[in-house]
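To start, I am sharing the structure in question, which I have written as structure tokens.
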Amino acid sequence: MTKLKLAIAGLGRIGKIHLENLLQTPDVEIVAATDPDEGSLQYARDKGVPFTTDTFEEMLGGTQIDAVLICSPTDTHADYVELSAKAGKHVFCEKPLDLSLARVSEVLETVKDAKIKLMLGFNRRFDKEFRKVRELVKNEAVGIPHLVKITSRDPGAPPVSYIEKSGGLFLDMTIHDFDMARFVVDKEVEEVYAKGAVLIDPAIGDAGDIDTAVVTLTYSDGTMAIIDNSREASYGYDQRVEVFGSKGMVQSNNNFHDSHKLYNNQGIHAALPLHFFLERYQEAYKTEMKDFIKGLSNGTMMPVDGNDGLQSLKIGLAAIKSIQENRPVKISEIG
Amino acid sequence: MTKLKLAIAGLGRIGKIHLENLLQTPDVEIVAATDPDEGSLQYARDKGVPFTTDTFEEMLGGTQIDAVLICSPTDTHADYVELSAKAGKHVFCEKPLDLSLARVSEVLETVKDAKIKLMLGFNRRFDKEFRKVRELVKNEAVGIPHLVKITSRDPGAPPVSYIEKSGGLFLDMTIHDFDMARFVVDKEVEEVYAKGAVLIDPAIGDAGDIDTAVVTLTYSDGTMAIIDNSREASYGYDQRVEVFGSKGMVQSNNNFHDSHKLYNNQGIHAALPLHFFLERYQEAYKTEMKDFIKGLSNGTMMPVDGNDGLQSLKIGLAAIKSIQENRPVKISEIG
Amino acid sequence: MTKLKLAIAGLGRIGKIHLENLLQTPDVEIVAATDPDEGSLQYARDKGVPFTTDTFEEMLGGTQIDAVLICSPTDTHADYVELSAKAGKHVFCEKPLDLSLARVSEVLETVKDAKIKLMLGFNRRFDKEFRKVRELVKNEAVGIPHLVKITSRDPGAPPVSYIEKSGGLFLDMTIHDFDMARFVVDKEVEEVYAKGAVLIDPAIGDAGDIDTAVVTLTYSDGTMAIIDNSREASYGYDQRVEVFGSKGMVQSNNNFHDSHKLYNNQGIHAALPLHFFLERYQEAYKTEMKDFIKGLSNGTMMPVDGNDGLQSLKIGLAAIKSIQENRPVKISEIG
Amino acid sequence: MTKLKLAIAGLGRIGKIHLENLLQTPDVEIVAATDPDEGSLQYARDKGVPFTTDTFEEMLGGTQIDAVLICSPTDTHADYVELSAKAGKHVFCEKPLDLSLARVSEVLETVKDAKIKLMLGFNRRFDKEFRKVRELVKNEAVGIPHLVKITSRDPGAPPVSYIEKSGGLFLDMTIHDFDMARFVVDKEVEEVYAKGAVLIDPAIGDAGDIDTAVVTLTYSDGTMAIIDNSREASYGYDQRVEVFGSKGMVQSNNNFHDSHKLYNNQGIHAALPLHFFLERYQEAYKTEMKDFIKGLSNGTMMPVDGNDGLQSLKIGLAAIKSIQENRPVKISEIG
């Protein structure tokens, strides 16, 4: 059997994770890598990647490849997806495709025309906790869903410089929760009401963003979702989902360092949640790559596609508009 | 020491609970009771209440009393409080004082002029779970509060006939959560955004009400609260609070029938939450009466006063307006 | 309906609990009380007990009574039960009947001859946690029981003066666990192996007792039970049971002050177990009295009878022998 | 840096796990493998192992190696360790070294003379749960340990043919718990009392073994440990440890498939424990190999050495003797 030939663009933190996971995936070889940083290219060569270069175009043309992983900075995503599509390569791209709705639509058009497969990196869809919630909802274990509750809090805020380019809390962080809201009940959101505040760091407010938020989503059938976000949970990464329905409720919890309970005269003490996404989603990243490879190999649909990126972006843009105008915003008002 | 002489108006379910609890409270005697139903009066006599009558006025004038408990239907509350106040009797009144803001203000004016003490029956304030949350917040165990989350779901919807007179979900059910939102962080709410749906029983919709709701509250300092409600949780009464702040998070959980865990080849199984408020708040009702008696006996403030009733009503009315107009409503817009 | 007339002997801590609980039981009146301490008698009179005296015999003869509660010191139990039985009064007696097997047998003979009902105060049988375990075992939820595990640790050791008269750890403390071992699986114990140590207070060792113990029980069908005891758990009263069987396992847990969880950068923190038996078994004591009254009123068996006391005493004596001889001891070797 | 050259003997289930984990370990190469089965050798070659052979001796002599992993059947362990030691190779050997105490002592003598490093495969020592328990005990978080409780139940019994050669429950299964008892409190066991029964499968009894056991261990300072075992827990692999001491208690729990809780009108339902050791100790096996490599590379002690194997074997033999003679057996009576 001939192995799938993959190229990887961007060898930052997440690019390296995917590279390492793919090195352990059967029937796959990483044939090329690109990154502007020579150290990262050396890292790739040490891992056995035969062809490395500092330009995306050279990587794309330099060797025979089946698919490209795009893990480079957000502002390169749209261009790289287009270039790959035009070259007939399948693509895995970290989210978001772009912060502009028009640009995303354009890219998806190109992808469609090129008939390539595109998978987006909403890594949480591959986490066993959320998969279990979705599976139980799908199997009607909770009956008809009425309420979805998503808690998503980071252990610490990113640098303001990051926030200035990321599109802000709703587009760099909550966008995962918007996707989760669609994922767990498999329905489209119709309206968004968002409320935000700067409660952690005034510098975030100065940069025009918020650090704490509550978002109410309404699906077309009246089901509602609530998301609560914070850039800084002192106890670590907080990632919980609850779905309440006509027949019951399902909750998923955080993942913890270990299960110990220490009883002493002060109370009972237990370990903290895993600190951040690298720890919490370590297995999810592996599953994500396996599912990408599966999607490439057989004729099935990709588990997260361009439309998933588009819908979450729309919800995010509606949330921003909702904050600005302090009113509920219909998704249909966006784009 | 002379015992406090109490009269009780209304011997329905909650009136009987208070009566039984007071019978076990030292230094208190129930000297009179009123109810339109002769069977209920017989019940009171069997419990040793010496003076019983079917009119409130007769009860008030018929014997020497220090304070009155008003447990009669909602539409009698305002009148009975006024009559008691004018007679110089202290009052414990089940919530709400009235569904009309104007009438509540009027009654509170009368109470103020009469210099009597008024305590309102927000029973959840006396539950050990929520008291612990408030205590930890007060002690800054979570630092500065950023987010309050309240889940409040009943095991089953009341009859539509009740809903038609109760003021609807926000005034008969969520009003407890509005009070809880003020209680746990000891701050006033400034703005309300409510979203509701009829997902359980169309008859509730026909009666002009909703059965499922999500409410976002904003306090004046930017702190936000989220309340989610359902009239029907298949697994029983769901009453949880979470406060997230700059230094941590505190959660309270439901109370369960017992702590057993059964492991078998199907999974791990545990007992349901206590079914409804009578079970869950059994101890809270006792504490409530003790604190009322304490408030009467010494010079301290009542733990829940007329203003608490007023503020929660305002939030409720703002929530109703928010649903009607699908927009956030400032508390200052109300009344 | 005529009320059951009860007399109570001994108004120490546990006597007062029973008195208060009985005062709130319908169709029961406490007609007499005895205690050597005048203050305790005054307490009874304040509670409305009409006849009080400092001698048991006077109490028994002084007024018309149906049953006697014996809550006086252990060394009076046997005599008082006999006197009551001979007077034709039913009896509730705190455990143990006596520390001597011969004396217990004698008393049970008298009880049998007198055809009175005797209930023994193994209060834990009335705790909802252990009842649930027994119920699930009875319903074969765990299949055929293979292993029973009982953890029983007190928050602090009693004074050495108490231990000197109590019969020691196995007869004053573990005896509850021996009863529990019989209760949850409804089988008789055949063999005992006990291992003990003095790890908490050398003075306990000087008094000839141990403060920490592990006991293996074998039932006649090969099922095994393990009990672990400590006189001093720094985190409070630890009372857990686990039954493992061919189809599953059931566990009961401690009862805690409240359900709060506090998350901060040090970990997750929860409340301690209820401190000791008065808190943990508060409801159990009420149920115990209700079940005693039920046993008196109708023709049913008492839920804990003299034989239950006898069997637990035998296991306790076997455990003592096992420690002394460091070998497994058959129950048939005892008495 | 030159890589450590390893050879692996035995490519059954556990040998393959070690091989895969080592393939992902930096600075290590697997240079040779042996197994009687040609399919397994082909598997090794597919994984890139250059030299494969069906005899241990050929493997040992066929290429330059630093250390040998012995994952072959138990009855080869002693011989292979001796051959490796005499060839000056360091050894990782799955437990047990041998079922005969005399033979183990002999092998350890050879190891000592050869001055090679020997690590034994007590994989549970590398599990994060038990490591946390040990760490907390070491840091005196529970004060002075008084009681150790180990629950260890398999999801299903092995074939009787396995039991006939394994040395039975105490030597193939409980031996891990004997090691755990030594590991968590870092103390030696002095006396053993074991009680066993055949409650699952009469065929196990026919083979001279038991399938359910309770073992009491006494350490030299009076601390006690209790182990309970079953060959068949219907709900999966049950591996828990609890250490109770003068200042508190620490517990570790099982690891579960996921954290979901499903609430419906039947109760609350959660996922089962991970099914068996391959799932539960997946990460532990990785840590075990890392620690073996670390032990080889630097001058530190091996985390589990020959003496650990010897001590656990002695406890196991004492347990067998205890069952046979139904009496507590001193470790000093063994060997």
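Labels for the chains are A, B, C and D, by order of writing; each one numbers its residues from 1.
Just so it is clear, a contact is a pair of C-beta atoms (placed from the backbone, for glycine too) under 8 Å apart; a residue touches a chain by one contact, two chains touch by 3 or more.
In UniProt terms the chains read A, B, C, D = Inositol 2-dehydrogenase.
From a predicted model like this one, the values you see are computed outputs, not experimental measurements.
Undergrad: Compare the CA centroid of chain D with every other chain's and tell me the farthest one.
TA: That would be chain B.
Undergrad: Pick out whichever of the two, A-B or A-C, is joined by more C-beta pairs in contact.
TA: By number of C-beta pairs in contact, A-B is the larger.
Undergrad: In whole angstrom, how far does the Cα centroid of chain A sit from the Cα centroid of chain C?
TA: 58
Undergrad: Which whole number of Å gives the spacing of the CA centres of chain A and chain D?
TA: 40
Undergrad: Can you compute the centre-to-centre distance for chain A and chain B, using the mean CA position of each chain? Integer Å is fine.
TA: 43
Undergrad: If I count partner chains per residue in chain B, which residues reach a count of at least 2?
TA: Each of 233-235, 247-249, 263-265, 271 in chain B touches at least two other chains.
Undergrad: So in the complex, which bits of chain A are touching chain B?
TA: Listed in rising order, the residues of chain A that touch chain B are 143-144, 146-147, 149, 153, 193, 195, 197-200, 212, 214, 216, 218, 222-224, 226, 228, 230, 232-235, 238, 244, 246-249, 326-328.
Undergrad: Would you tell me which residues of chain C are touching chain B in their complex?
TA: On the chain C side, the touching residues are 24, 128-129, 132-133, 136, 141-142, 247-255, 257-265, 271.
Undergrad: Can you list the residues on chain C that touch chain A in the complex?
TA: Residues of chain C touching chain A: 233-235, 263-272.
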